[in-house]
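The two complexes that follow have chain A in common; it is paired with chain B in the first and with chain C in the second.
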Partner chain A sequence: MMIVRFDDQIVRYFVIATAIWGFVGMLVGALIALQLPFWQANLGEYLSFGRLRPLHTNAVIFAFAGNAIFGAIYYSTQRLTKARMFSDLMSRFHFWGWQFIIVSAAITLPLGLTTGKEYAELEWPIDVLIAVVWVVFAVNFFLTLKIRREKHMYVALWFYIATIVTVAVLHIGNSLALPVGLFKSYPLFAGVQDAFVQWWYGHNAVAFFLTTPFLGLMYYFLPKAAERPVFSYRLSIVHFWSIVFLYIWAGPHHLAYTAVPEWAVTLGMVFSIMLWMPSWGGMINGLFTLRGAWHKLRDSVVLKMYVIGITFYGMSTFEGPLLSVKTVNALSHYTDWTVGHAHAGALGWNGFMIFGMIYWLLPRLWNTKLWSERMANAHFWVGTIGMLLYVMALYSAGVTQGLMWRAFDDAGHLVYPDFMETVIQIVPMYWVRLVGGLLYLTGMIMLGINMIMTIRTAKEKPSDAAISVAA
Partner chain B sequence: MSKFIQTNGRHRTIEGWPLVFTVLTVICVLVGGTVEFLPLVLMEGNIPVISSVTPYTPLELAGRDLYIREGCVNCHSQMIRPFRDELERYGDYSKPGESVYDRPFLWGSKRTGPDLARVGGKYPDLWHVRHMEDPRSTSPNSIMPPYDWLLSKTLKLNDLPAKMRGLKSLGTPYSTADIDGSVEDANAQAENLARNIAANGGPEDLADKEIVAVVAYLQRLGTDLTKLTN
Partner chain C sequence: MSKMDSNPKTSVSDEPLISGHNYDGIEEFDNPMPGWWVWMFVACILWTPVYILGVHQFGFINSYEDDLSSSQMELAQWRADYEAANPTAVATEESIAPFVNVPQNIEAGATLFSTYCAMCHGAAAEGLIGPNLTDDYWIHGNTNSNLFDVITNGVLEKGMTPWGAVLDVDQRSQVIAFIRSIHGSNPPGAKAPDGELATPND
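After this line comes the complex of A and B, so read on.
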């Protein structure tokens, strides 16, 4: 027999980084949410809406969700393979490299150094760095698979594999650009073609950064927390392969009725609708894993968070196909409906899955008890109410404005020819969204406090978990 | 199929082969990826050419890069869809041939403010200066942020030749003379604009300020098509 000690320190790093960046990213989110109804909150050149919005999206997606995914992967992969990560050095390089990228983003975006492409705003030197860090992460991960002591790979690992290879392909594909200065580049493609590449990337960033790694996370942490095996092995096979196959096709649903060929948009729409089934396959596999364990929800804040998370995964993957239907998109596109959909997924699915994971990990990583279950419960409630306020406000704003834009009177004139009329109408909804966002942010702060206190009450230096394996 | 997915079926076997598993995943992803790139390849040279669409002038290019810097694309689309209300509100719908020189494309995904694809010529130059300095002065209740620094910051033109050389190598038809004369050309267009703004009672001495480049770019938007009919 020999002892294998896991590298849990790297997981602690990522978990702490998740909480810090989650707070920062959502604070910026709250500021831009304030700037929309209250322009005076645009605080000069470096802190105006146009420059901060990308900072918000980059911070919450790549820093908050990103660090959480890495934490989940490092924690679960070691346990699923019964092996320590292949290289501690590579793990550290991954962690610090990623934090450096985030800090570079936080500096360059307010300075106005941006490519102008949504979710890919960072300029080429940072893009190169991302590619390097990602490759190191991939090598470390795959070499860990190679030295595994468990013959078969559990479903969570399938999703991690899909994430790691596809994000690499997407990032490189969309970042192809010609540098014309230290912080300025022009993309290889122009106009219509650039639009295609951008949304091939943009849509799949949602798919392979905000969906597949989170499904992997769900498959590992949910059965652990519920102490039940996954509902259906077969379902996981079918929905994994269909998700991996179908997602890539759906990008053009972001370009409906624009100057791209009609057939491409129709293809995107058809594949988006097909995606509904495998997406719900994931939701069903998650929720049914709780069969016979529903009574545990009463005492487990972790499970409560997961139930909200998985339910909102189901909601946003039902809403997504709906939005891709051209006649619906004609109304929703360009409006706050899209932003509402984005946050139903982001706050409901990604946020709650992360919170659930952190509350489950805290006592385990620091060998102690969670400092306050009651505060975690309060987080659950303010988070849920905040998220609901946020998305309801934006659905209402989106549909209202969409209908006003297209309203004609009997004489065949636009009822609201002045654009500002349609804006004033939805400003109250922007305030409601701000309240919702602030509640959600309050929950995030509660998590931070709970985390700090849990770590402080941990008795000694936390020790890393170990297992004994056949030599 | 059932052999494949049953407990201890064939799928179980490939779960023991990470390399094979990864290759299969990549293939799955690449099928859709290839089909999505097909239109790109097919479209190369297949986008209906609009003869009146010409590359941006050096000053307009500088203005466009400022538009990117400020993140205007986060609130403004530049893509008019072929719906009756959009035609009424913004003008003719956008054609693929209109954005052939747009690197990156700036169609946007959110209309917090109105579409700008055809805003060129809609307002006088001075309107834009006033609007950018303080949007409330021209559009009461506007929620657009003020961009007063554009009126005070000096316009940087010395990187224009490098930028245009880059664009040329990517296919934008700038001539060597265009590139060599880019700074002069930009200065001339800027002085013209500034004179017009001052003559209409606007601020003096804007010729070397960033605002003139932004106005030049905004006034250009969507005008290529009307050039055709004139």
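After this line comes the complex of A and C, so read on.
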């Protein structure tokens, strides 16, 4: 027999980074939510909406969700493979490299250094760095799989593999550009082709950064927290392969009613609709795993968070195909409905899956009890109400805008020919959205306090878990 | 394909686990996929070729162009019907003339001008993106009807917006009254002349 000690320190790093960047990203989100109805909150050039909006999206996606999925991957992969990560050095390079990238983004975006491509705004030197850090992460991960002591690879690992491989391909493909200076480059593709590549990337950032790693995370942490077997192995195989195959084609639905040829939009739309059931396969496998364990929800804030997260995964993956249908898109495109949809996924699915994971990990990583279960419960309610207010406000704002833009009077003229009229109409909804966002941010602060206090009140120094394996 | 359990809570214990699948304590049931899930998935897949061929080959589902042209025809018919039922007053030299030189019309026109026109023609009509409207040079004619037509229909190739759907006939006439009132005002920063030399209404 020999002892394998896991590297849990790297998980602690990523969990702490998740909480810090989550707070920062959501704070910036609240500020830009205020800037829309109250323009005076645009605090000069560097802190104006146009500069801060990409900072918000990059921070919550790549810093908050990013650090969370890395934490999840480092924690669960070592346990599922019964092996310590292949290289501690590579793990640390990954961690510090990623934090450096985030700080670079937080500096360059307010300065206005941007490629102008949504979710891929960072200029080429940072893009190169992302590629390097990601490849080191990939090498470390795959070499860990190579030295694994478990013959089979559990479903969570398949989702991690899909994530790591595809994000590398997407990031490199979409970032191909000709540098013309240290902070300026032009994309290799032009016009409609560039838009096409951009949304192939953009949509699959949602797929392979905000969906597949989170499904992997769910497949590990949900059965652990519920102490129940996974509902169906067969369903997990079929929905994994169908998600991975179908998602990659769905990007052009972001470009409906633009200069992109209609056949491409048709392709994006039909693949989006075929994707509906594969996505729901994940939701079903999650919720059905809780069969016979629903009574545990009363006492487990972790499971409550997961139920909200998985339910919102189901809702936003129904809404996604719906919005891709051309006639629905004709109403929803360019309205706040899209923003509402994105936040149903981000706040509901990604946020709550991360919160559930952190509340489960905190006592285990620091060998103690969670400082306050009551505060975690309060976080659950504040977060849920905030998220619901947020998405409801933007759904009604979006539909209002869409209907006003297409309203004709009896004489066949536009009822609201002046764009400003349709903006003024939705300002009250923007205030509701701000309140929802502030509630959600409050929940994030509660998590931060709970985390600090849990770590501070831990009696012993945190130690890394170990297992004994056949030599 | 077995039927989904209607009461999963009681049936959990006798479901088969997959032997040998135990990963860090996580086990997996050997349950079939829910039937409704499989059939919904199959239905979405089967619908795909129907839709693609319907739009792009056989035309029994409308394409963008089909939708656009049918909507435009519907709208044109709608407008024609409305026009037939409620004929609008047609603006003529005779109908616009009484607006000019009337202080309250000039004042109303000034307000409209600052809302809709000043962003391109300048606050004092000195010309910015659009031409100076205070001098003696006119690109599209200088009669009241000429001005009325330009305001109503715009000049697409020069970036002038059509205001026919926004401003009613009286409002457009008031804007003309305002423009006539500032002729020769020679505002500071006036843009260089553009178009043909003429005096108003000559």
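Structural remarks
Methods note: the second predicted complex is superposed on the first by the 471 of 471 C-alpha atoms of A that agree within 3 Å, B and C clash if a C-alpha of one lies under 4 Å from a C-alpha of the other, contacts with A are read in each partner's own complex, and residues count from 1 in each chain.
Methods note: contacts are C-beta pairs under 8 Å (C-beta built on N, C-alpha and C of every residue); 3 or more make two chains touch, one makes a residue touch a chain.
These numbers come from a predicted model, not from an experiment.
Once the two complexes are overlaid on the shared chain, A:408 sits against chain B and chain C alike. In the superposition on chain A, A:42 contacts chain B only, with no contact to chain C. Touch criterion met: A:257 reaches chain B and chain C at once.
Within the superposed three-chain model, A:70 lies out of touch with both chain B and chain C [touch as defined at top]. In the superposition on chain A, contact is made by A:339 with chain B only, not with chain C. Touch criterion met: A:277 reaches chain C, while chain B stays clear of it. In the overlay built on the shared chain, the residue A:114 is in contact with chain B alone; chain C does not reach it. When both complexes are overlaid on chain A, the residue A:80 reaches chain C alone and has no touch with chain B. Of the two partner chains, chain C is the only one that A:230 touches; chain B does not reach it.
When the two complexes are laid over each other on chain A, chain A has residues 152, 233-234, 238, 257, 267, 408, 414, 417 in contact with both chain B and chain C. Contact residues of chain A toward chain B in the complex are 35-37, 39, 42, 44-45, 48-51, 53-54, 112-118, 142, 145-146, 151-153, 158, 161-162, 165-166, 169, 173, 178-181, 184-198, 200, 233-234, 237-238, 241, 244-249, 251-252, 254-255, 257-261, 264, 267, 271, 330, 333-335, 338-339, 405-408, 414, 417, 419-420, 423-424, 427. Across the complex, chain B meets chain A through its residues 4-7, 11-12, 15-16, 18, 21-22, 25-26, 28-29, 31-33, 35-37, 39-40, 43-44, 47, 65, 68-75, 77, 79, 81-86, 88-89, 94-96, 98-114, 135, 139-147, 149, 159, 162-163, 165-167, 169-172.
Interface residues of chain C, counted against chain A in their complex, comprise 8-9, 12-13, 17-18, 20-21, 23-34, 37, 40-41, 44-45, 47-48, 51-52, 55-56, 63-64, 75-76, 78-79, 82-83, 86, 165-166.
Of all the residues in chain A, the ones that touch chain C in their complex are 76, 79-80, 150, 152, 154-155, 220, 223-224, 229-236, 238, 242, 257, 262-263, 266-267, 269-270, 273-274, 276-278, 280-281, 284, 288, 291-292, 294, 326, 408, 410-414, 417-418.
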